[in-house]
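Each in structure tokens, the structures are laid out below.
Each of the next two complexes has chain A plus one other chain: chain B in the first, chain C in the second.
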Partner chain A sequence: MEKEIRGIQLPLSQTQKVRLKKALELLQSLSLKVNVDASVVVADTITVDHEDGVLKGHGTADLNGEVVATICGVVERVNKLVYVRALRSRYKPEVGDIVIGRVVEVAQKRWRLEINYCQDAVLMLSSMNMPDGVQRRRTAVDELNMRCIFEENDVVCAEVRGFQHDGLHLQARSRKYGKLTRGQLLTVSPYLVKRQKQHFHHLEEFGIDLILGCNGFIWVGEHIEATDDMVEDQVNQSDPQVLLPGKNSVSLEEQEKSYTTLETRKYICRAANAIRVLSTLGFNITLEIIKGIIDLSLSMNLDIHDMLGSEFCVLVAEKEAERRSSNKKKR
Partner chain B sequence: MADKGGATPATYSPSPTTGRKKPPLLKEDWIRPDGRGFHQCRPALLDMHRFLSDSKCSRIDGALLIGGSAKRHLGPVSTRITSGVHGSVQPDIDFFRTGAVNAASGSAYAEIGNTKVIVSVFGPRESKKAMIYSDIGRLNCNVSFTTFATPVRGQGSDHKEYSTMLHKALEGAIILETFPKTTVDVFALVLESSGSHTSRCLGFGKRSQLEIMLCEALLLIDSMFLCNVPLQEVIASDNISECVSGDLPVVISCASLALADAGIMMYDLVASVSVSCFSKNLVIDPILEEENCQDGSLMITCMPSRYEITQLTVTGEWSTPKINEGMQLCLDACAKLAKIMRSCLKEAASDSQE
Partner chain C sequence: MGGLSLGEKHFIQGGIAQDLRCDGRKRLAYRPIYVETGVIPQANGSARVRMGATDVIASVKAELGKPSLLQPDKGKVSIYIDCSSTAEPAFEGRGGDELATELSVALQRCLLGGKSGAGAGIDLSSLIVVEGKICWDLYIDGLVVSSDGNLLDALGASIKAALSNTGIPRVQVAAGTANDEQPEVDVSDEEFLQFDTSGVPVIVTLTKVGRHYIVDATSEEESQMSSAVSISVNRQGHICGITKRGGAALDPSIILDMISVAKHVSEQVINKLDSEIASAEAQEES
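Moving on, here comes the complex of A and B:
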């Protein structure tokens, strides 16, 4: 009987299937014991002790005095609160989350970004730092020049500011936020990226930047120093009034300087493939794991495109199982 | 809607029922093409390798229902199994699986008999149509057929009426308040269809009689809850000129699986079964040949755990006891189908726990 794991669509040979199955079973046994009884399907009754008052949380409904699930998931109980946690939930934004989005529309005084959420997020012009760095009131001219900052289909990194009446608002008031260039954007399931202290990572030995967006968008790109942009722009711009979008007045020398070396591009691809493998296997995405996979592939002298093959996938699963079991033994 | 017998102009009288194969059905010992009993659905399996035998429907004693409100409890569901010993003919296999489409928020693939349907659900997400503020969400359904779905290769069509019927079936079950200002899109694609044809409603002149019978049937439903379906709509569905085929029940059940997979909040899973009536016999889950010579058809979409019906579609000629019996058969079958869908979801959930 073949149990197909959702999303793994690789052609695996028989031995590979066996190895993968073993590794995944080992991982399952290592993970916290989830009660099989706890998983519910829509309209399953949740056993609840009616003696204590029970608080019906998210994902539950009341039917004739009984608590019934409205989504498929796992029942969680916290004191008197009973709720159902979905296994593969959509991204739920919280204030302060780092997200990466793609500009869908340039509207009046705002940009609309698609961030893998129910609605499009809004980045107000006033929540963005001006290119010249000066803090001032945004004028009509600024509004006309919005396209010079971000255009449609640009990838932007920002932070969640909060929920306003017209949707989710973002802000990009720091140097590290803003338009992302020279790299790749990857999409994974949002629940694979857990909230951590640091989402911006700089891998020095490879010279690449890694931004793990909480919404499942991950950016891998060449490392860009966020310092000189402001100064250079001031020097270059002679006429700050109306700028022509797209013509960034980059001279030939600057273009040569900004050429990404082949080595860096290879590392970017390696990191991107590592993340793709993790996403296929359904493992949590953290910096250590990514680094481990890149090192593994380098130590094996694997070609970058081979990283997406079935053999490497099985190896990654086995290595992860090993790592977790050794972690557990240490404790 | 009033079309009294006397006022119908001559042009509306139905064409004589030529081309309908009557004779085989009047015989009592007629065997269904695939060897099933009259009250046997195409069985449902979780995967291709196992065969569950509890999908056979039990024959409900008509006496339970006539005269008085129907009993809520249908009795032990799995014990009363009819003679349904299969011959050497392998019955059609059912197959349900979620997670068929990776790009969608949720998806499901269902194969019941020859009908193969794949449903993908996107959302909740923004849509240009939903820019007006509303405190409930919108549901947008679309049913389309591939060009190779029908035995005769034709133009893959976008069935608007199936889309509307799917919408009506699902909207009673989804909790729309949980995703205000956004839209959930349900796209159903029928890869292979086991039957879809047009047949005219019999006897326009007999309409008033049919209305009476429908009202009686609805009184029966009175003891259950008909949720979100105003009475006019139930009767109006008799108007449709296309018969409910073997496809739509599969599409509805598959769509509710896909919605559960996508994590959209619902009151309950929606299961749907259709029944055909041939003068004296009731045949559940008809296939194309049976549908071609049926006298009437009844499709029920219900939420088994809540014992509520979201959609009821009746066409053709029915007598009151027959419709009662048909309804009970359908409800029983829906309960069993829902159990199978539930176990499919449970398996998928336990697989993805990591």
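Moving on, here comes the complex of A and C:
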């Protein structure tokens, strides 16, 4: 069982090591046993029925008439096709996924976004709802004002629209999508974020927004009412020239007034550290678990930074094992 | 590390102004330091230091050499840093050279003292075998494996850990050689001498963001800095070296203020580092 701990890079004392090992063992025993032989490592043989004919897909190779895996992952079968889905890889988009990306380029009628996929995603100006909310043809003026909507390095939330001839396309046809400000972006391995019904969360008790991007980019920020944004953008749109120079020349005093309040910031940092703990432990990231960790840390009256210490990590692992085993008993 | 959006920059600056940084730290709090020693078996001493996502390795190699003519009673120490391209794609090829040279120079200033070797954290006269003829040359090599800000402090800590892990073989000098001949030596491969590393300073970098300064900045915070002052402090609380990075000018009174803060912070860092090194050494032996 030493191998399970090896992946978790934490300075652990002897007792903490034992406790973590126990929690992980319990978690392992609770996981479903159905798909055990579906997970393969390099050079494992994949059992196939040769009479039906086999199409070897990604991550497989032919070795002396046997199909073997060339990467570590889970075997997937679609009719005749057999391929291996790698465990720790870049994000693989699926249509309808909610992703968070960073703008790397403002190009002709489109933005290019970094979304941890093997190529940059494209967000067309035409697949954006205009800030005035009216559906209309995009004019040359709109094209010139693209930087008023998103600039380079902006963090943007969007939905995967599908693959076109020139790559992966995104769309942002709703008010909930768009630029994210006043918060921090975290990056975790994409496999930790599973597709759920809801990826946008507003934690009312803390006044924070939490967006779990399927690509492993997670946004934690101050809660912003979607409608407020609209009014602001309308002002932007009507008079972009006036606003742009002002953005850089704000005095330090004015800037300080507009900072996120300390109370909200504490919750943002607490939520962010909860996600960091989950990421080091390699646990799935869902709203329920994040809330659980925030409550746990609050009830222990723990300092925000101490949440990243080994002791709290071990505690979270134990709580998670406890939670899953009680869930199992209920069923 | 790509750029940050205006919103994120604003959030980071706000956090530093309000004394609550993105990972919940206060302005003068370090990330947990994690030390592993003896990571390179071929070297005389080595250590790996992790602070958050920053990960550095230092190794010490000792070779017999000739002392320089100007200082016949002292050994030689040289420090080289290499930035691996695994840390950041920009370091590929010659991309990391500039940063590597900057770090090497800063470390040499902070740890090796003046040209004469006086005031060095490492006692150079302990490296002498036969005065004017044979001495130990120490080659200290640092490697940046992963970079998340505050590289200089991490490298300083790793060199301190590597030196305390270093064993210099005991040397027997054959007696009765003529004065102008190179004496014969017998290097023992069983007996090792430990270094005295209590004098090796730690480096505390204070990064100025807005009107406040912080210790142990992450790379995101470093991208917002106006200037940074690295101060190396030894156990006695004496300043061994100061280097400043970043273009923005600083008021002298702020520098004095920073020095007293660094002195205060360094006490905790030295204690933390020493206990980490001790536990790492204990772990290695078990």
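One rule holds in what follows: the second predicted complex is superposed on the first by the 254 of 331 C-alpha atoms of A that agree within 3 Å, B and C clash if a C-alpha of one lies under 4 Å from a C-alpha of the other, contacts with A are read in each partner's own complex, and residues count from 1 in each chain.
Everything that follows uses one rule, which is that contacts are C-beta pairs under 8 Å (C-beta built on N, C-alpha and C of every residue); 3 or more make two chains touch, one makes a residue touch a chain.
Please read all numbers here as calculations on a predicted model, not as lab measurements.
Q: Can A:223 be said to touch chain B (first), chain C (second), both, or neither?
A: In the superposition, A:223 touches no partner, neither chain B nor chain C.
Q: Could you say whether A:85 touches chain B, chain C, both of them, or neither, answering first, second, both or neither?
A: neither
Q: Could you say whether A:305 touches chain B, chain C, both of them, or neither, answering first, second, both or neither?
A: A:305 contacts chain C only, not chain B.
Q: Quick check for you: in the superposed arrangement, does A:19 touch first (chain B), second (chain C), both or neither?
A: A:19: touches no partner chain.
Q: Just to be sure I read the superposition right, which of the two partners does A:63 touch: chain B = first, chain C = second, or both, or neither?
A: first
Q: Taking the superposition on A as described, I'd like to know which of chain B and chain C A:73 touches: first, second, both or neither.
A: First partner only.
Q: For chain A, what residues appear in both contact lists, the one with chain B and the one with chain C?
A: In the superposed arrangement, which is not itself an observed complex, chain A uses residues 9 for both chain B and chain C.
Q: Inside the complex, what are the residues of chain A that reach chain C?
A: 9, 11, 102, 104, 114, 151-155, 179-185, 221, 247, 252, 255-256, 258-260, 262, 265-266, 269-270, 272-273, 276, 303-305, 307-309
Q: Going by the contact rule set out above, which residues of chain A touch chain B in the complex?
A: Counting only chain A, the residues touching chain B are 1, 3, 5-7, 9, 24, 27-28, 31, 34, 36, 39, 41-44, 59, 61, 63, 68, 70-74, 86-90, 118-120, 282-283.
Q: Applying the document's contact rule, which stretches of chain B touch chain A when the two form their complex?
A: Spelled out, the residues of chain B in touch with chain A are 47, 49, 99, 102, 105, 123-126, 175, 179, 181-182, 260-261, 263-269, 303, 305-306, 342, 345-346, 348-354.
Q: Which of the residues in chain C come into contact with chain A in the complex?
A: 2-8, 10-15, 17-18, 20-26, 29, 31-32, 34, 50, 210-211
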